[in-house]
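The following blocks contain the structures, represented as structure tokens.
Here chain A shows up in two complexes: once beside chain B, once beside chain C.
For the complex of A and B:
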């Protein structure tokens, strides 16, 4: 497997983690619904169940997770689409007007935050309100923006030195990105595992 | 018609003769001969008669004619048959009768026949239309087959019977090349007699073409080899093709040359001086004028004489040493590059020359990088272009450049090309990560993401 294929594989792994997180979240609801149906003789609406399950996680936690998901979108795009190394035809340098500008990277990031970032931010973090999240886990999520900023910084560094490359920075960026993603999905994963044990 | 009646009667006579000869001239069949049917016998008799008549026609034509005269019977017409027919001819254009039509105007010719006879004694009427075109001496028949009016094709009006016919063979004079009065008339026949209508005079009008909006498009003042284009709008209400001829005159208004184009009306005709070679270097500094003649094949006209172009004096320049010096030896795409060219005027005096710089890379072929007007004397001078002509797509590419100038150089050219052998540095981002710009970009990303997060938290999570 060459370098390019490996990086594509790593992207697929990231996507797979996201899909697993989504499936776990959906299955979590299915299990809870079935569990309540077994133990209760009263009929109920799914929406009523969702309302009943809601837990207020706090404004700070919500803001941190929104911030993290916005940065996650920027980090993954910067890692894969900033230089022409992985996608020669789909990258930041294909837009010479933006890439030539002093604040081109900021423009690129702004486009990512405003378009897909807001859409993701509206829906994904809402999933956390159905899970019991422990204080240590909430504290751990505070490190997610830092990890994502490490990833973004690595990508920007690679962009500034391109066409010179430095694999170690790319892998460091990827590692911090995947760790951040795992931490972001850990409340869902933990809640799902607890439900499986029940 | 008369011939047909004679032949019918002749046939009748011959059939009568069969009976007569059967009684007298032809001997009866011999008893020994097998009996033939009676029709067979008549056939044989008829053949003999026919043969005899043919021989008579050849050998005794006079007697044959006498026989024809003897057998001829006047066509049957009752004594009440009224020959006072009324003939009318009308040309209708735009739903009303007209006496004048333009060449491309659609019209229809309507014949009216008033027949005083009742249906019992009417005869079939044959109507022909004849036309005398402008400049012609004889009428020509318009319709190849006569229009027939049957006995029952009349309508009663004011005690008279009228019938109408139109002639699809004549609906416009678009193909006619002569204008003036055309004359139409009808000829009506009942097979026995014929009658003619009064002449109907129809004026054929040609609407002449027009040339409008005459313009001369050229730099001011133009050089002899500049793109000098003569424009004019051609119109012709009859939509004829228009021959437009441009005449170029010298300062004494003597014609130097002319060129003709055949143009559709409604279009703009253009004459490009370089294409026709109206001017050459010898014409530099001279004044010219022009006018057009135009026509549609019938009407011809000309415009007034208009001034132009007034060609400016041409000079010869010398150019050399095209050089490019990058801002620094790294040759990054975002840096300035100093392009220069040595130029001088080869003629005495000053010359104002427009010099332009173009750069050529794979991503941006022959991109305009700058232009300036320089005043040249006989002393050589260096013309500089300190520009930033490249963008991120030009990174890692070699480039060429061209100086183009508005006068002709010592080689008879209007440009000089050169190539830079070293490629542009492949580095894409113009700043380092650890720099004010690099950190500012990171900071902007953080602040923006934070603001968006706070906004969404307040808007969607409370």
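For the complex of A and C:
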């Protein structure tokens, strides 16, 4: 497996983690619904269940998760689409006007946040409100923006020195990205695993 | 149910900390955002000892717009207050006393003089802008009321009070959360206000013991049906760190319980939850933080807002209040018939709690862990009963579960252990957290019905008998300590002597209580006792030369009614009266 294939594989792993998180979230609902159907005295709508499960996670946690998911979009795009190394036809340098601007990276990041980032930021953090998240886990999520900033910084460095490359920085950026993703999905994963045990 | 948790006194403040710990993420060095407590509860710590409040850094001063906050009970009274001077000169009571070290009668008497002395009342109303009590009025209006739904639409509806930084943060967070918040018109919205009050206090005779009753009385003068619950923690045996003997502390507990449990519906609390610290001390080897944590953990099923789908309103405070009071028609328990009048007295509740991992057992093991195995009442601490009692004696059970259980299986499991019919088992199911399942069972009045139960270890009768006996011993052996206290005037000493040692005084009444416990009669506490109220109001007013309408407490009214009845019967029976009636009939 060459370097290029490895990086594509790593991207697939990231996507797989996201898909697993989504499936776990959906299956969590199915299992909870079955538990409640088995024990409830009355019929209920899915919306009723969602209302019943809802729990306030706190303004700080919500803010951190919203910010983190927006940063995650930026971090993944910077890591894979900043230089032509992995996707020669789809990258930041394909737009020379933006790439040569002093605020080019900022424009790129802003575009990512405004277009997919807001959509993801609005819908994904909402999923957390159905889980009982322990305070230590919430505290751990405070590190996510830092990890994502590390990843973004690595990508910016690689974009700045391009065409020179530095593998270690790329892998450091990837490692911090995947750790951040795991922490972000851990409330869902933990809730699902506990539910599986029930 | 979303109560405003009011911790009173040292122990109340410590337990309240557990309830107010934030569930939100935050930095270690600086706390941002609003405090997100479990069940969205709000809370305040009321303390009379300024030095204790200043010697900690968890609570901030409410008067400086901090949250979580403490409020000094006498903060509204100035050093040169005329009301304070009058109370001091006439009765020897200091309104600004720094703590009420194990003297429940001090606070009881202090509040009674405000109810019964018209001169003091007048002075107080003049000085404190219409409020006839400078302590309970201040605590209620400044400390508690702003957090409750009563404040909605009122002037003080801005609770919780925030400083400028807090307001800016709130605005920013509201902006962000409005993006995240699901606009669900059918769903319940989170309200910043509380629908009830839950007092937390130790029944050791200090500030906590003494303040619940007067604050409740004051609240009731404004709000007759607002749900008010109290959780009283019975102190452990032996001499405490401050060298207060168990008898002295149990006397405080008995005085407090007497006052709390003899006030009719609409005049006092709606229920007293009892916890025995001795059980917790044995269980947690004297680790007080762990004991406080366990009390909080035990109440979680009651506070959890995640009800089963469609059951959102099952545990709102007014509904819980109604179920607390409701009397079964067939047995008339908790009811005292006085001729045609029915008096409902507040019930006692014994909380029983158990938690287990959801894959370990079923609802039967969970309930058995909470109530104990059948026939096993002693030693205590082996099961989830937080106060000694025999579960089969309860006249009703309120069962709060977290986990996935059907109503039928919960009812069956509880009925098996308590022998209660399903109609007397009220189930409140919550969704829980998928990892653990727990149950809180509130047993209502689990005592009485058969004689000599006080001899059986582990029953409520046994515990109450022990407490009351020790209190009687203390009163018997400590007349000088009780009456010779510091600054009391002769008037106060005289009233206290009558209250403790006089005919039909506390001592006599406590002996009656022991008789009731021994014979299995309920309720144990029946006749309200007053230091300055029973027969004493007139003389206080006379001393001051005032002619005013006197407000009678419940006990006086009952006494007077009996007197009038007896007098009327006597008149109607007399020959002279019969002759006159005959004459009227003939004419």
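Everything below uses one rule, namely that the second predicted complex is superposed on the first by the 198 of 198 C-alpha atoms of A that agree within 3 Å, B and C clash if a C-alpha of one lies under 4 Å from a C-alpha of the other, contacts with A are read in each partner's own complex, and residues count from 1 in each chain.
The working rule: a residue touches a chain if its C-beta (ideal position, glycine included) is under 8 Å from a C-beta of that chain, and two chains touch if they have at least 3 such contacts.
Being a predicted model, the structure only gives us computed values, none of them experimental.
Novice: Name the contact category of A:157: first (chain B only), second (chain C only), both, or neither.
Specialist: first
Novice: May I ask you to decide whether A:5 touches chain B, chain C, both, or neither, giving the answer as first, second, both or neither?
Specialist: Touch status of A:5: no partner.
Novice: Quick check for you: in the superposed arrangement, does A:195 touch first (chain B), second (chain C), both or neither?
Specialist: Touch partner of A:195: chain C, not chain B.
Novice: For A:110 in the superposed arrangement: first (chain B), second (chain C), both or neither?
Specialist: first
Novice: Is A:122 in contact with chain B, with chain C, with both, or with neither (first, second, both, neither)?
Specialist: The answer is both, since A:122 touches chain B and chain C.
Novice: Is A:100 in contact with chain B, with chain C, with both, or with neither (first, second, both, neither)?
Specialist: first
Novice: Touching chain B and also chain C: which chain A residues?
Specialist: Residues 59, 62-64, 66, 121-122, 125-126 of chain A touch both chain B and chain C.
Novice: Please name which positions on chain A make contact with chain B in the complex.
Specialist: 59, 62-64, 66-67, 70-71, 74, 83, 93, 96-97, 99-100, 102-106, 109-110, 113-114, 117-118, 121-122, 125-126, 149, 152-153, 156-157, 159-164
Novice: Touching residues of chain C toward chain A in the complex: what are they?
Specialist: 22-27, 32-34, 36, 40, 173, 176-177, 179-180, 182, 184, 186-188, 190, 305-312, 358-359, 404-407, 429, 431, 433-435
Novice: Within the complex, which stretch of chain B touches chain A?
Specialist: Within the complex, chain B touches chain A at residues 333-334, 391-393, 396, 426-433, 437-438, 440-442, 444-446, 448-450, 452-454, 456-457, 460-462.
Novice: Mind listing the chain A positions that touch chain C in their complex?
Specialist: Residues 32, 35-36, 38-42, 44-45, 47-49, 51-64, 66, 121-122, 125-126, 129, 132, 135, 138-139, 141-142, 191, 194-195, 197-198 of chain A touch chain C in their complex.
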